[in-house]
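Only one structure is covered here, and it is reproduced in the block below.
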Amino acid sequence: MNKNFLTFLPPVFLTLLLSLPLLGFFAQENSKDILLLQRWDWVLYATAAVFLANSVLIVLKKYPLPSFAISPPAKNLNALKALLFLGLLALPFLSSRSTIDLATLVLLYICLAWGLNITMGLAGLLDLGYVAFYAIGAYTTAILSHYYGLSFWQCVPLSGLVAAIFALVIGMPILRVQGDYLAIVALGFAEIVRIVATNWQSLTGGPNGMSGMPRPTFFGLEFGRTSSSGLPTFQDFFHIPFNSEHRLIFLFYCILGLAIIIYVVSKRLRCLPLGRAWEAMREDEIACRALGINLPRIKLSAYSIGAGIAGLVGAFFATKQGFVSPESFTFNETAMIVAMVVLGGMGSLWGICIAATFLVLLPELARGLADYRMLLFGLAMILVMRFKPNGLISVRQPTVKMS
Amino acid sequence: MDYFFQQLINGITLGAIYGLIALGYTMVYGIVGMINFAHGEIYMIAAFIGFLAFLLLASLGVTSVIVTLILVLVISMVFTSVYGFAVERVAYRPLRNAPKLAPLISAIGMSIFLQNYVQLTQGARVKSLPPVFTQNFHLTDSLTISTVQLLILGSTALLLLGFSYLINKTPLGRAQRACEQDRKMAALVGVDVDKTISLTFVLGAALAAVAGVMVILYYGVLDFYMGFLAGMKAFVAAVLGGIGSLSGAMLGGLLIGLIESFWAAYMGGDYKNVAVFAVLMLVLVVRPNGLLGRKQVEKV
Amino acid sequence: MRTPLLDVTDLTMQFGGLTAVDGVSFTAHQGEITAIIGPNGAGKTTLFNCLTGFYKPTQGTLLLHTADKSIRLDTLPRSHIAAKAKIARTFQNIRLFTGMTVLENLLVAQHNALMRASGFCIAGLLGLPRYRKAEQHALEKARYWLHKIDLTDKADWEAGNLPYGDQRRLEIARAMCMEPVLLCLDEPAAGLNPKESADLNTLLQDICNTEKTSLLLIEHDMSVVMNISHHIIVLEYGRRIADGTPQEIKNNADVIRAYLGEESA
């Protein structure tokens, strides 16, 4: 009892010291001057919270909970996947406009997180500038359609390509140096992209952004009320009444298709020599070198494939929003995608899918929590690293089996 | 010509601030081999604590500028050090033997957490501190140096002297350098590694605290987001000078400060950060170990 | 008739002021097991690191003779040494891909061949027969080695979960999957019990005789060195102090002095 009590004291005292300045005082600006307000109650709450959390931890240490590991249920897994797929196919017909919108957003983030999964989850390269490639993809689509009049389906592959080329050019010098620097350099690169997008007014419209994105067409058929090309519109061709939701639904299916392609490609890549080399590199770079694996090339491939996927998703994002501006591509965005990959379990496509869904829906489901969203992300990243460093789903599937 | 020298003064002042933050990065990298991603946030927190301390002292009726300044510095250094200590205890120490990506991700989590913690507790709006020192000294007709600039340069020089004494001459410094060389061996010969690492974080935070207080005196504004860019640039400074090298961090800080202010003066402010990061990439390609860094021998 | 495989001439490696390897010359021959022995800090591992491209030697030449040409290792870009010169190595403290399975470890070793066959992923992504055949072939080779090191039953284990002795053998098998002309082993018998050590001798002799891969061996365990090596090089303080057959080394006064001290000589 006495010993327990002593282990209590330091964290509680520490919390008191930590909360004293920033929780205890608050500066409020009036029109004329600044007032210093005191909030001793907050200090009390924080200290009490830590006290309670510590008690719980001590009790848990004495009576530990049965340990649990979330592993994918082996049986009926394919049935579950098929059910999910059918559900997603049927979704647009069962739900409202806002739900379709939200589902599209969730799919976009899943695609983004799966792209980062290749760079970070498989190859172990911490890319804190991931959002830069997403931005490059979105701006490529905006610029190509705005200045050169390219159609949506021309813009999409080009966006992916441009993002991948940027990754190659940036990665070539950077990936040769030691691992940790990559994180910061990538972060710096993302900052450069954002600064350029903000300041190059004549090209990107600066902070006001660009609008008038290309609209997706269904094999050349447009979704508008009237057609601008010679072809009939979508609804005329199929003899159905006009509905503005058609375009939305079509976009949803497109992104669903993109997600499935990314899923299949990442799954297959993992089982190819390249994918195995990525994972081997994550485990031990020196051993890779002794086996004659060309590390810079392997790193560059992981980096630019991830970036290419981000570019593709960027094109879809631009079309979905109908508008791009530098504000959509801040570090918070990268942090959120990194959090999805980390929380879901690096390398696990389904874990990441679940984490992405949860993180996108969280602020929608709990409006009151929206302000605390980033705070909770940060906390979750620390806690997951400490208690479950391999993420939600940490069971690694071998890429090849003996039998 | 005066314009040039004015930029030189401004650049060195800015560089001194970056250098103080960069020392924290470089020390931590030297001893635990990881980027303390939350260090920029520590600096931001220091600025906030300093700001609140100014207001508190003013409301208590302390009028002497010197007394205020010293008290603010002490308060900010003490409480920021507690933050530095806590960050290491909570986010890094449990992960010391974890896979290599884990502490870095934990650090990013900590950085996001602290940023939003300050935003939620202190508000998202930019705060401004009424000017404390207003006097400028005219060196020539159009070349001036402000009291705050003198203060920054003076205190940085003083801190560096004390700091190099601490690292080179005291038992703590010896323990710190020993841990940097070989943590296991240091532990075997009786160095308390945990304590030394904690102290390294505390020292780094205290230096960042001085930078934080100076920067609000200098610019008069602060917000919860200020640590992100400043931290990033200070890290660039540390890499530029050669990570792990203390004098390199200072040199890198000065270079970054100079690049930034000269670029802003002659090329316009829009792309000054682009210049800073471009320099980083260039240095990493040409001299991966930085300007004063030791060449690392890979242990196989 | 002995054919030289590797000519090391005047190899010197300095770190700052420290000279770890100082003007060492020797020749390793084809189809032989060459052992490098010497007290701790004699520069054995540094020599290995120069040989396998982890360090760039300060001075000296390394010449590898293959069937059709000779390759200068010291000027070859370091990423090419394993791939082009076909020199494989193991590490003093085992470096396996611990999170991957035993079988996967053996496949990663065949990366370059498989990568070419997969047409840098294109053929692999499409599942073309050309790649499938290459993969089958790679799996066949992996099975062959799994059988040799007696790990067939544990093929799907995570490599990190294997017992220590198995890990040692797996690392050797992984290096052999590269089909090297020269295999460099850094203390392969360290930490093995006598039975495992004897098994290792058999494995190494088999590699030398059946697989026709020459071996370069750093070892402290004299039962291994004296039993299986054809040729021994002794280093002390970075210098070569003796070079000869096991019998010659056993009776060499300099070697006895280096190991047992001045007065014993």
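First chain written, first letter: the chains are A, B and C, and each begins at residue 1.
Quick note on the criterion: contacts are C-beta pairs under 8 Å (C-beta built on N, C-alpha and C of every residue); 3 or more make two chains touch, one makes a residue touch a chain.
Just so it is clear, the structure is predicted and the values come from calculations on it, not from any experiment.
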{"item": "Interface ranked first by C-beta contact pairs", "value": "A-B"}
{"item": "Remotest chain, chain A as reference, centres from CA atoms", "value": "C"}
{"item": "Innermost chain by mean C-alpha position", "value": "A"}
{"item": "Length of the line joining the C-alpha centres of chain A and chain B, rounded to whole Å", "value": "30"}
{"item": "CA centroid of chain B to CA centroid of chain C, Å", "value": "47"}
{"item": "Averaged-CA centre spacing for the pair chain C and chain A, given as whole angstrom", "value": "43"}
{"item": "Two or more partner chains touched - positions in chain B", "value": "298, 300"}
{"item": "For chain C, residues that touch 2 or more chains besides their own", "value": "54, 91"}
{"item": "Residue list for chain A, restricted to those that touch at least two other chains", "value": "286"}
{"item": "Residue numbers on chain B that touch chain A, as the complex places them", "value": "34-35, 37, 45, 48-49, 51-53, 55-56, 59, 75, 79, 82-83, 85-86, 89-91, 94-95, 98-106, 108-118, 120-123, 125, 127-128, 130, 228-229, 232, 235-236, 239, 270-271, 273-274, 276-278, 280-281, 284-285, 288, 298, 300"}
{"item": "Chain C-facing residues of chain A, complex", "value": "265, 268-269, 272-274, 276-277, 279-280, 283-284, 286-296, 396, 398-402"}
{"item": "List of chain C residues in touch with chain A within their complex", "value": "52-54, 78-84, 88-89, 91, 95-101, 103-104, 107-112, 114-115, 118, 120-121, 124-125, 139, 143, 152, 155-156, 174-175, 178"}
{"item": "Parts of chain A lying in touch with chain B, wherever the complex brings them together", "value": "14, 17-18, 20-23, 25-27, 29, 34, 36, 42, 120, 124, 126, 128, 170, 173-174, 176-181, 183-185, 187-189, 191-192, 195-196, 199, 286, 331-332, 335, 338-339, 342, 346, 371-372, 374-375, 377-382, 385-386, 389"}
